[in-house]
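A single structure is presented below for examination.
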Amino acid sequence: MNSDALKKLLEQVADGHASVDDAAATLKHIAFQDIDYATIDHHRSLRKGFPEVIFGEGKTADQITGIMDKMLEQENVVLVTRVDKEKADKIIYRFSNAVYHEDADMIVHVKEEIPITGKGTILVLSAGTSDIRVAKEAFLTAKYMGNTVQSIFDVGVAGIHRLFSHKDPIENASVIIVAAGMEGALPSVVAGMVSRPVIAVPTSVGYGASFGGLTALFAMLNSCSSNVAVVNIDNGFGAGYVASAINRK
Amino acid sequence: MNSDALKKLLEQVADGHASVDDAAATLKHIAFQDIDYATIDHHRSLRKGFPEVIFGEGKTADQITGIMDKMLEQENVVLVTRVDKEKADKIIYRFSNAVYHEDADMIVHVKEEIPITGKGTILVLSAGTSDIRVAKEAFLTAKYMGNTVQSIFDVGVAGIHRLFSHKDPIENASVIIVAAGMEGALPSVVAGMVSRPVIAVPTSVGYGASFGGLTALFAMLNSCSSNVAVVNIDNGFGAGYVASAINRK
Amino acid sequence: MNSDALKKLLEQVADGHASVDDAAATLKHIAFQDIDYATIDHHRSLRKGFPEVIFGEGKTADQITGIMDKMLEQENVVLVTRVDKEKADKIIYRFSNAVYHEDADMIVHVKEEIPITGKGTILVLSAGTSDIRVAKEAFLTAKYMGNTVQSIFDVGVAGIHRLFSHKDPIENASVIIVAAGMEGALPSVVAGMVSRPVIAVPTSVGYGASFGGLTALFAMLNSCSSNVAVVNIDNGFGAGYVASAINRK
Amino acid sequence: MNSDALKKLLEQVADGHASVDDAAATLKHIAFQDIDYATIDHHRSLRKGFPEVIFGEGKTADQITGIMDKMLEQENVVLVTRVDKEKADKIIYRFSNAVYHEDADMIVHVKEEIPITGKGTILVLSAGTSDIRVAKEAFLTAKYMGNTVQSIFDVGVAGIHRLFSHKDPIENASVIIVAAGMEGALPSVVAGMVSRPVIAVPTSVGYGASFGGLTALFAMLNSCSSNVAVVNIDNGFGAGYVASAINRK
Amino acid sequence: MNSDALKKLLEQVADGHASVDDAAATLKHIAFQDIDYATIDHHRSLRKGFPEVIFGEGKTADQITGIMDKMLEQENVVLVTRVDKEKADKIIYRFSNAVYHEDADMIVHVKEEIPITGKGTILVLSAGTSDIRVAKEAFLTAKYMGNTVQSIFDVGVAGIHRLFSHKDPIENASVIIVAAGMEGALPSVVAGMVSRPVIAVPTSVGYGASFGGLTALFAMLNSCSSNVAVVNIDNGFGAGYVASAINRK
Amino acid sequence: MNSDALKKLLEQVADGHASVDDAAATLKHIAFQDIDYATIDHHRSLRKGFPEVIFGEGKTADQITGIMDKMLEQENVVLVTRVDKEKADKIIYRFSNAVYHEDADMIVHVKEEIPITGKGTILVLSAGTSDIRVAKEAFLTAKYMGNTVQSIFDVGVAGIHRLFSHKDPIENASVIIVAAGMEGALPSVVAGMVSRPVIAVPTSVGYGASFGGLTALFAMLNSCSSNVAVVNIDNGFGAGYVASAINRK
Amino acid sequence: MNSDALKKLLEQVADGHASVDDAAATLKHIAFQDIDYATIDHHRSLRKGFPEVIFGEGKTADQITGIMDKMLEQENVVLVTRVDKEKADKIIYRFSNAVYHEDADMIVHVKEEIPITGKGTILVLSAGTSDIRVAKEAFLTAKYMGNTVQSIFDVGVAGIHRLFSHKDPIENASVIIVAAGMEGALPSVVAGMVSRPVIAVPTSVGYGASFGGLTALFAMLNSCSSNVAVVNIDNGFGAGYVASAINRK
Amino acid sequence: MNSDALKKLLEQVADGHASVDDAAATLKHIAFQDIDYATIDHHRSLRKGFPEVIFGEGKTADQITGIMDKMLEQENVVLVTRVDKEKADKIIYRFSNAVYHEDADMIVHVKEEIPITGKGTILVLSAGTSDIRVAKEAFLTAKYMGNTVQSIFDVGVAGIHRLFSHKDPIENASVIIVAAGMEGALPSVVAGMVSRPVIAVPTSVGYGASFGGLTALFAMLNSCSSNVAVVNIDNGFGAGYVASAINRK
């Protein structure tokens, strides 16, 4: 339940279109709701403008379904991240509006079309083909949080002319998300070209001394461009989320 | 030289108030300028809206003075970070407008008053007394990049009522910078209270398993609140810079 | 064989209800007992008030069954930790009183009801849904060591009002066990609210820079609240054990 | 201000021995008190039964003196940890009741004798001579939190008969603190001998693969004895604090 | 081909019992022998008194069989380490004298009985049941290098009386091998009891902060007992080998 | 398309053998080509003298086939690294000239015979049998980049006479690639024997404190021989590539 | 003594211009020479074309002087690296031809002018001003090994147009050395522009998550450009040496 | 007091040359002796054949003097390791027989000449000049534990002919100690040449990716030669001690 929905409900009470009892029943679970294995934070959409997102890894299909059931009573959008195909299939046949995005390992459930509330365009770049899963997770998160989103993939620094050929969308973006593995150099180069904030998301792509993304993470934290901030390895969701927070009016 | 200054110069050429030769001489070094030990990126203020900042650590007083001389020909504000008192004293007596902020190890040189260009307030929080040096570096950077800035220090999670007593400034800030060492828990708690982006800056405060700030850094990257992005350990300057980029109109 | 059982046996010898030979046979294995692949430390329950616990990981069902057989000759309670369902099924059908707790990967075998010997209540908190396995291991260990135990799950710091709504059980507990993964911030916040000891148990929940629980571990060791002590990653058993040692009369 | 002092004040108000205005003035700063560079948590002694302790490292003598001044208005005991001799000398000449314990790098300031409130004896063991500084910090903390404390130093596992000769105090202690560097083996051996909780504090004593105490820390977290919980490297204060929390009635 | 065999061959040439051509054919491959994927170092048994041992991990059954074929032409004993059951079954049916020791993952092939050439007894201790695989690898290596070997398992420091009950074999051994995982404390305690060299072999037994044996490794390198030297994690073979080198006349 | 092919095309345009339209169509994709999941850098063979190589790990057989299709329109040689047998089988049946080298996990596709353009011989050495996969990847890369290549395997430092018996090819090589795991000592010894550059490639062969090749990597970076440069762990391809760059006329 | 000098001496013996005894005296120390604390490897210049270089760190001025004395009897060039000013002053006043380069912490002693034997130009780039010390060490090493060397400093990726303005020297170099700290991204970008080998040398410039150069080192090892090989952190000497080996005719 | 001295004393009692009272006084402190800051383990020389050695680092000159006083009442030899010159000067003027070895940072105090009790020669090798301090510590320890010791310094693998020129002492040694920093390759090469045990001692010599000796340590633990065992970084004393234990009759 977001801020608009809450106000609407209270106005309905005020003008007699909703009984106090019904409103109370609705509001009872706003703070949070215990369903044995989870304490769902319904209050979050009021406080933060977007509901809790379900981290799918390590949860069973049944647990995810249970949490979705409860959240859908109050929310318009529900996202589930890090769900593999097998688990997703068990979930989406239960919800007619749920869509599984296999290239991002995400389930998206939308009840009503989401209005664009972001003030500019969020641009998602990836250094290589293998970084796309993470970049897509960022893309979908930002999109379903109400933003206009664009993406350009496989423009890493080993052939830097590929990057420069996209100068226009880069310079016009409101926030830029850059996903890169291996040496993680792309965010520094991109951030050196613009004045807007760059959210760098290291990926676990690489081998040997890439340490599952740590090298990219540390490189990004050491960026010689100062308009860079960093999220956890493979955390496309977090990158999309923080970019949306930045882009909100 | 920022975008406004450039346009003004070109207009002067257009209406005959500046000769082409003088304008050419002025513009010659816009791209960058070699002074033996440094290639100053004057173009940066055009491209990024704020000039290059001098990282003072590992540079001599003479080198810093030399770079400042060149930058001040074209820039209104020059910041030098990570300068200890002894080195600062050798520098500031050379520039009448330079001020040394000892609690942030920074030199600030401003020619004309800086207009507020940030659209909201940037709030800087610190978890402990020892985190203040880093928090102050963030504060001054954001301030001299044209923002309204507020700060609250020593409100760590061991006595969490201290934090909650500042609920109003926290909920009203446009961007929040949180500096914390040791277990680095404060950004998660703060970010859970608001919808705006939180820039977490880990500090090297602590001992033993704090690993000079690494534990705080990793904790912040793992924040269970999604509106958190992170900069390098003790990088108050970077936090202030990225917060300013976010806060710009 | 605990201290009470030993005294009883000796009294039986003293008053003629047990022959010296029988007593000798019983006592022969008190120090320890070799069964080829293990040297069972029967003396432990005398020395420490609770028998050796079987660490199930890396042992075959047959080995576990063999050790249980020997221990049950002398002990009232036998716990086996870290047993997956497949292995557990092979074991419990051999012992009519053995129960498998799948949510904690534990087998519990109790011969006679266990009296409550703990002086207060042990409270087990978990930060997230995924930390429950570890929290349940702590819960069952504390319970079968003779304590009154309570639990509250999924009350992490991203929605801190969930935690504060449980202020009463938190302030009334004799010892608090807090299981948390990711940034591991919950123990600091909880410990800041109470004067009693908090046993923090980091979990391997998370990804990227969570390093399989290391980040949570280090964060907990750096807690700015001083009434926190820490056990190994995912060591719910150890947390339950040390909490029981603290809570004993 | 601890719980007893608070009640006394309120009773004085109730029976007219204190005016409401005076009580209000006294109570005004109970929650916390801002002194520019610190937010002193006076409420802590009410909440936790012991006031905030000053971590001296990284604070100037002036800062420490300032914080002590404010705390002494409300507290009976003030401890300052990690103060070297030079800094301590500047501080203690300002407070007639302050004593500097050089072997523990601690300042202790006591207004009135501290009653013993701990229910048993806390025993502090050290593995080597070089671990004594940390052990002494634990000793003094526990003592000034109202406990009977005993200590035995230099009883490491290379000559284990030295340890066994102290079997009686070890078996009779209510809580045992064990400080050890290098391989950190002593807590496991000690904990194997008793049923009471053991607080292990790794020290940075050693070289090469001791990693400034990390090896001892990790060894202690992996203790094969289950009644062991661990605090940060060199954190004698934390060990003394958590042992006191355990030992409180 | 060891030193004795070489002398015998040369004596046969000297007294006419072997033709020069046959001897030349035999000796041709003494230096080393290329078999495409391996350069077998036959010279090693002359130089080092024991033939090259085959490290089975990462080699196919066919590769191992091929190398064994070549080695058995010249050697009396061939050992293969780190072979799982499935692979071993494919190998041993090819060699009538080969025996697979499943508890040590080793294949042993002996042509003629091995004389005892070690000057004393090598004792192999293990801290826990799970360390036995490594301890057995050490045991078999030492045995087939011509030593009298004894073993005692599961005598870790959490119940140290188990260790002291074996004081006699410990004090009488010529070399002691100690295998331990987790906190790796056993070698220090054992080495403190004797004057003979102790070879410590850390095992990967443990979880969380045991880091796959690293904690035990580092603890052993920091042993406060000075008669300890260390081999790689899980390297039972190396421990047996170096102990044999020490024990040789 | 390499530099020779480009000139030829332009000459054909010049002398009328190719129409401008056809040439334009051919050249259109020279800069790079978007195929949804990849931005193929065709310009690379002009710029660097060798086309982009396909890193097979983490790509599906379909993706690899798609990229090969596009590259083969313009290139004579296409290499795919890190392809297991199952995936390779799905790919090579689609291309009549593609060959799978299982011992190197590589697919090689050559349209016309490759002329030798390297100025000397590249020698590939491996320390052990298990390092061969990596050494073969280096061998094939160097070969298909137009070099004369030689290899010698299993000549590690434990039997250093094996190495010295190959003194001639070692001293005559133009560049030497040395693949080694475990302690990674071979490059230092080899580089001490010659004046030519040595490219050291650490392999992940080993266990325990070999850390998946990190120990070999660090050892090589610390080589006391100064003519050693290093590539990433298991990066046989990179070693072959950089050796080819060095060996080019 | 290099190869030419040796031949000259032998020819003098052959044609009677040198006595056998004198030649023998000269040649006696060719293999190596013991001077108590060092075994000087005079043979190295024959074997490797350049004499041993003295690593100055950790040696006293007297030790360095002693080794220089012995080397100068046989060598034309002697380099000493990592010598601070104070130590250098004590050394150079002893040798009239020794020059101290303070910006590289190196002493260079040349008897006769060094002929250019390198076949192309070696280009040394640095990412920042603080990387210059390392870059200069590479520069001087390459120069005194007989190469034409060029350098361009402070052209890091945050203002990438600075780099592109130097396209010509970059594309014309025979070997390129790139020194960079912080995120270490420059070698990847440079190597993507050329076909020649790039020697990347990470520097310890940076703070926090730069780990004294480790982040730059790992980034370079993960370069997405394949013509990059890496040397140890701050090892300008090694970079210059291996570049010289590559550039030799 | 070693075993011979004890027997002598008891025989004196038996034949009346010593009174029971005097013997009792002498024996009183055999188990251990408390001197406030240390528990001296006098029993050690009986149990281990060599007295406790004083680790000088972190102890004051006064503490060392105090411990020496007590030990010299019962022991013939006292060694103090890791003492810098300044501290040593304060100590040795107090003991007429104490000698300071500055190149090993050791004090040696001998009352009567030490008989050779080792059965063969211990050989100490060092890879470089900078490893000598550690090698000398090993040398002196082995010498004063009653062994014939030889040393050869600066014979690292970059010029391996230097090593091979010492083939005879290497092959004839009973135990070989090898000290090496940087890549730590020397022990593998030496151990490949002999059948006797090699004790490898890594040194902290190196920079960058040598990690203060960790790279050498890990390389040695991964030695492809199996007769290698390892001690802690810079632990020359431990190497000498364990070599003596091996060499004892």
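Letters A, B, C, D, E, F, G and H mark the chains in the order given here, with residues in each chain numbered from 1 onward.
FYI, a residue touches a chain if its C-beta (ideal position, glycine included) is under 8 Å from a C-beta of that chain, and two chains touch if they have at least 3 such contacts.
This structure is a prediction, so every number in the text was calculated from the model and none was measured.
Participant: Which chains are in contact with both chain A and chain H?
Facilitator: Both chain A and chain H are touched by F, G, going by the contact rule given at the top.
Participant: I need the rotation angle between the copies chain D and chain H from a CA superposition, between 0 and 180°, in steps of 5.
Facilitator: 90
Participant: Pick out the pair in A-B, B-D or D-H whose interface repeats that of E-H, meaning over half of the contact pairs match by residue number.
Facilitator: The chain pair with the recurring interface is A-B.
Participant: Using Cα averages as centroids, what's the distance between chain F and chain G in whole Å?
Facilitator: Whole-Å distance between the two chain centres: 28.
Participant: Express in whole angstrom the distance between the two chain centres, defined as the mean CA positions of chain G and chain H.
Facilitator: 39
Participant: Could you please state the distance in Å, as a whole number, between where the Cα atoms of chain F are centred and where those of chain H are centred?
Facilitator: 50
Participant: Take the average of all CA coordinates in chain B, do the same for chain H, and state the distance between these two points in whole angstrom.
Facilitator: The answer is 55 Å.
Participant: Where in chain B do residues touch two or more of the other chains?
Facilitator: Residue numbers touching two or more other chains: 158-159, 192-193, 208-210, 214, 217, 221-222, 232-233.
Participant: Let me know each pair of chains that touch one another.
Facilitator: Pairs of chains that touch one another: A-B, A-C, A-F, A-G, B-C, B-D, B-G, C-D, C-E, D-E, D-H, E-F, E-H, F-G, F-H, G-H.
Participant: For a test of understanding, state which residues of chain E touch chain D in their complex under the given definition.
Facilitator: Spelled out, the residues of chain E in touch with chain D are 127-128, 156-160, 182-185, 188-189, 191-193, 206, 208-211, 214-225.
Participant: What residues of chain F sit close enough to touch chain G in their complex?
Facilitator: 47-50, 53, 192-197, 199, 217, 221-222, 226-233, 237-238, 241-242, 245-246, 248
Participant: Using the touch rule from the top, collect the residues of chain A that touch chain C in their complex.
Facilitator: Residues in contact with chain C: 31-32, 37-39, 41, 43-44, 47, 52, 55, 57-59, 63, 202, 204, 212-214, 217, 232-235.
Participant: Under the definition above, what is the set of chain F residues touching chain E in their complex?
Facilitator: Those in contact with chain E are residues 129-130, 132, 153-155, 158-159, 161-162, 165, 205, 207-210.
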